[in-house]
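Down below are the structures I want you to see.
Here come two complexes built around chain A, the first alongside chain B, the second alongside chain C.
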Partner chain A sequence: MDITKEIGSWQEARDRLRKWRDENERKSEDVVDLFISYIGSNLSKLGDEKWVVMEQVAIASMDMHNLPIAEDLIMELKERFPKSERVRLLQIQRLNLLGRHEDAMKGLDAMIDRDPTNSVPYKRKIAILKSLGRTTEAIKELSEYLNRFMSDQEAWSELCDLYLSEGEYNRAVFCAEELVLHTPHNFFVHQRLGDIRYTMGGIENLKLALSYYSQALKLNASSMRSIFGLFLSASSLSTNPRVPPADKKEYTRVVTWAVDQITKRYLLSFKHSTLFVSISIAFCLSM
Partner chain B sequence: MAQTIGKIGVLVGVMLLCHTGYSVSQHLQFLRYNEDEFTSLPLDMVLEALLGVALAIWGASATKTFKEIRAVEDIACKSYESFFNRPNFMTFNHRGKKLFGMTN
Partner chain C sequence: MADDLVLDPDIRVWVFVPIIIITFLVGIVRHYVSILLSTQKKVELLQVQDSQAMIRARVLRENGKYLPEQSFLMRRHFFNDEDTGYFKTQKRQAPAQNPMSDPNMVTEMLKGNVTNVLPMILIGGWINWTFSGFVCSKVPFPLTLRFKPMLQRGVELQTLDASWVSSASWYFLNVFGLRSIYTLVLGENNAADQSRVMQDQMSGAAMAMPQDPKAAFKAEWEALEVAKHSWVLKNADKKLIGAFQPENGDAHHQGKSQHAKNGASSAPSS
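The block that comes next holds the complex of A and B.
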């Protein structure tokens, strides 16, 4: 409901949808709201972008379990692109939504037979297994998939999450390290490795976590998670009895620096609000 | 406005370069007919080529705002949510069914 207050016209709505498509955002509620308020009645004005927007809204409305909108859009897309594999994928997602997982699996197997080089049906099969709770099967399938499509970052990220949900931290670290190899300039991947290493615990892992968080901070100085991670791992190390005293001093220095940074940033974000509050209080008192 | 000027600039710059190429080939042909040695290109062709390049570069930089050269700056603005969103692995068996669902 908030998004309709921000956006005033269908052009702005279209631009916002395009931005979310490019930046890979899953804002399903906002997409559906924008569609209902602005885009739905103005679809013909979008030109060729219409079909991509319809696909985006169809997926978002399925995510919101809003079946009528989804089915309308899928039917229109099917009429326009009767032989398209992308539309077939939307239909299979609809089957998933309705709980007909066996039919969905059969459909995906048929898609794989038609074109074994298309990576998407494999991934959707793994997603179905994951949603059914068959995590070990999903992990096995995903590992086989990654043997073939080794550079698929999304899949490595997914495998990392699956291993984390099973508690297999060592293998999750391996997957997360693959991601670091792909995009070393992305601070998220370092941060995530820091998180996993911190969770694993033990002096060696905590030291590694410290270095990963530092790298994440070097790449993006405004990442609060990295600073908190730095603080936590440094404080765990500084209070650990098996750490030599010289290193302990170093870690305590890191802790004080981190605490200083955290308080500074929170004060910075509150400064403007406290100023406003104090001015308004002074104004009310003077009345 | 800047966009169209920039695009015109690029077009004119590229056309100047093409014209220069054509005139250089004509010039070399002329030298071959006269059996002269090729010492250097005439000055106006060199100037034309340089002008064409400069115009094209200026036009290209006027048409768009460029992205940051360091990929780090681009990524620092992204949200945590968008990084972990994997659309191909999206599942629908979340609480959304009960919270928003119109199907029973």
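The block that comes next holds the complex of A and C.
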């Protein structure tokens, strides 16, 4: 846990920071610790790399609410790169930290005016709105952003979450479908669609949920959530009075298959699991 | 007679190797000069928007079969509809046909020429003038007589085999051959790479968006119009449990029997 015990010298610290930068890992606490112990006094020895390191440490220290370090670093970066958009972003992050959200948003608007093709300020703005709880505004901004940057998967995923938090399941389904379009071979996108459809309820949605869970299982046979989803949607369909009896038979078959699979998997992982499994199935059925 | 020709070893020391060194060093200098002169390619918001829309339309065509029919039609309607579709209503200016009228492109061309073609011509000419009057090396494969005037400038011997070439041709060979060495030394994307520069000279768009959005839109519109949607996930649950029987005359699937046939033709995976 304590990274300073692992790392012995500033060179190792620098290498570790570089590795985290390449792999895009946040690890803010460790970064700040390393900076305080090793890098801070040896910054000049890093050469040109020190600017990138400073940016990394600035972000990490703001995550850790360590304002003094952050402000020092931002000031130095601003002296060196006065017109840089990246430094501007750090300053805006600092404003957020200080709670001056309106100023931060104004700064971001200015950045957007200067360069409308840079997607980062848009996303920052939406993140601020979301953190302030202003979900409707966040949704509106995000929709406008997506009107322009239609293929941004991260954004579609975020919009899906926002709609789900507002209970707008239809629109969440639309967003989740976009993700399926982009990565159809990822079982998780199908599973999420299945979840949303199941939550929406109704025969058509349950049927769709069934198909999506089946596809998720086809792509990843070990997803317990999909099997349980399959089981739940099939059993709802098989007990629904409006479903014709021919189909009911099919769904009951799916139910039995699902129960079989669930039992097998729990038996594989636990020793005395029969009781556990039967309890869990009884629980599901009673819901 | 050509096989008996023996060259003065001084040629090797004073001509052959210096040409390699000169070409290499000039290439590196060119690389740094072009870095100094290069401007950031500015992308327009509309270009980004268009390229993203193209990506989305393409993805819809390719993977639309994983969505239910209604979703697919909804999205196709968004793109293709006569009145409100994206590909129909977005008017884009056709790019300037005449390269000379667009000021940005003119400066780009000028910079490209100055950094790459000009040094090549200058140095090629200087080498031709300095190292003239003798052959420098022999190409390992036989050449026809047609190549003689091209490759043997300054050496007017009618009986000399065309494989013997002058220093100027050795210089040009170096220019193109040292490309991979530049990649080793300067890393990828180096500006000393001549052939790539020649390809890039006319490019104005940055995000892989063709110069003519209108044509691209039309092509994409047509592709989407003809795209057929057959839902792959139909009967996915039955296939999963291995109970899928295409001959099973389900009352609910009679209207879409061709989908059932599609399902049967793709073998169910266990």
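Note that in this section the second predicted complex is superposed on the first by the 177 of 287 C-alpha atoms of A that agree within 3 Å, B and C clash if a C-alpha of one lies under 4 Å from a C-alpha of the other, contacts with A are read in each partner's own complex, and residues count from 1 in each chain.
The rule we apply is simple: a residue touches a chain if its C-beta (ideal position, glycine included) is under 8 Å from a C-beta of that chain, and two chains touch if they have at least 3 such contacts.
Just so we're clear, the structure is a prediction, and the values are computed from it rather than from any experiment.
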(message) Tell me the contact category for A:8 with respect to chain B and chain C: first, second, both or neither.
(response) neither
(request) Could you look at A:202 and tell me whether it touches chain B, chain C, both or neither (first, second, both, neither)? (result) neither
(message) In the overlaid three-chain picture, which partner chain does A:187 touch, first (chain B) or second (chain C), both, or neither?
(response) first
(request) Within their complex, state which residues of chain C touch chain A. (result) 43-45, 47-49, 52-53, 55-56, 59-60, 63-64, 66-68, 71, 233-234, 236-241, 243, 250-252, 269
(message) Under the definition above, what is the set of chain B residues touching chain A in their complex?
(response) 70-72, 75-76, 78-93, 96-97, 100-103
(request) Within their complex, state which residues of chain A touch chain B. (result) 23-26, 28-29, 59, 62-68, 93, 96-97, 120, 123-124, 126-128, 130-131, 154, 157-158, 185-188, 219-220, 222-223, 225
(message) Using the touch definition from the top, list the residues of chain A that touch chain C in their complex.
(response) 116-117, 148-152, 174, 177-178, 180-182, 184, 190, 208, 210-215, 217-218, 230, 234, 244, 246-247, 250, 253-254, 257
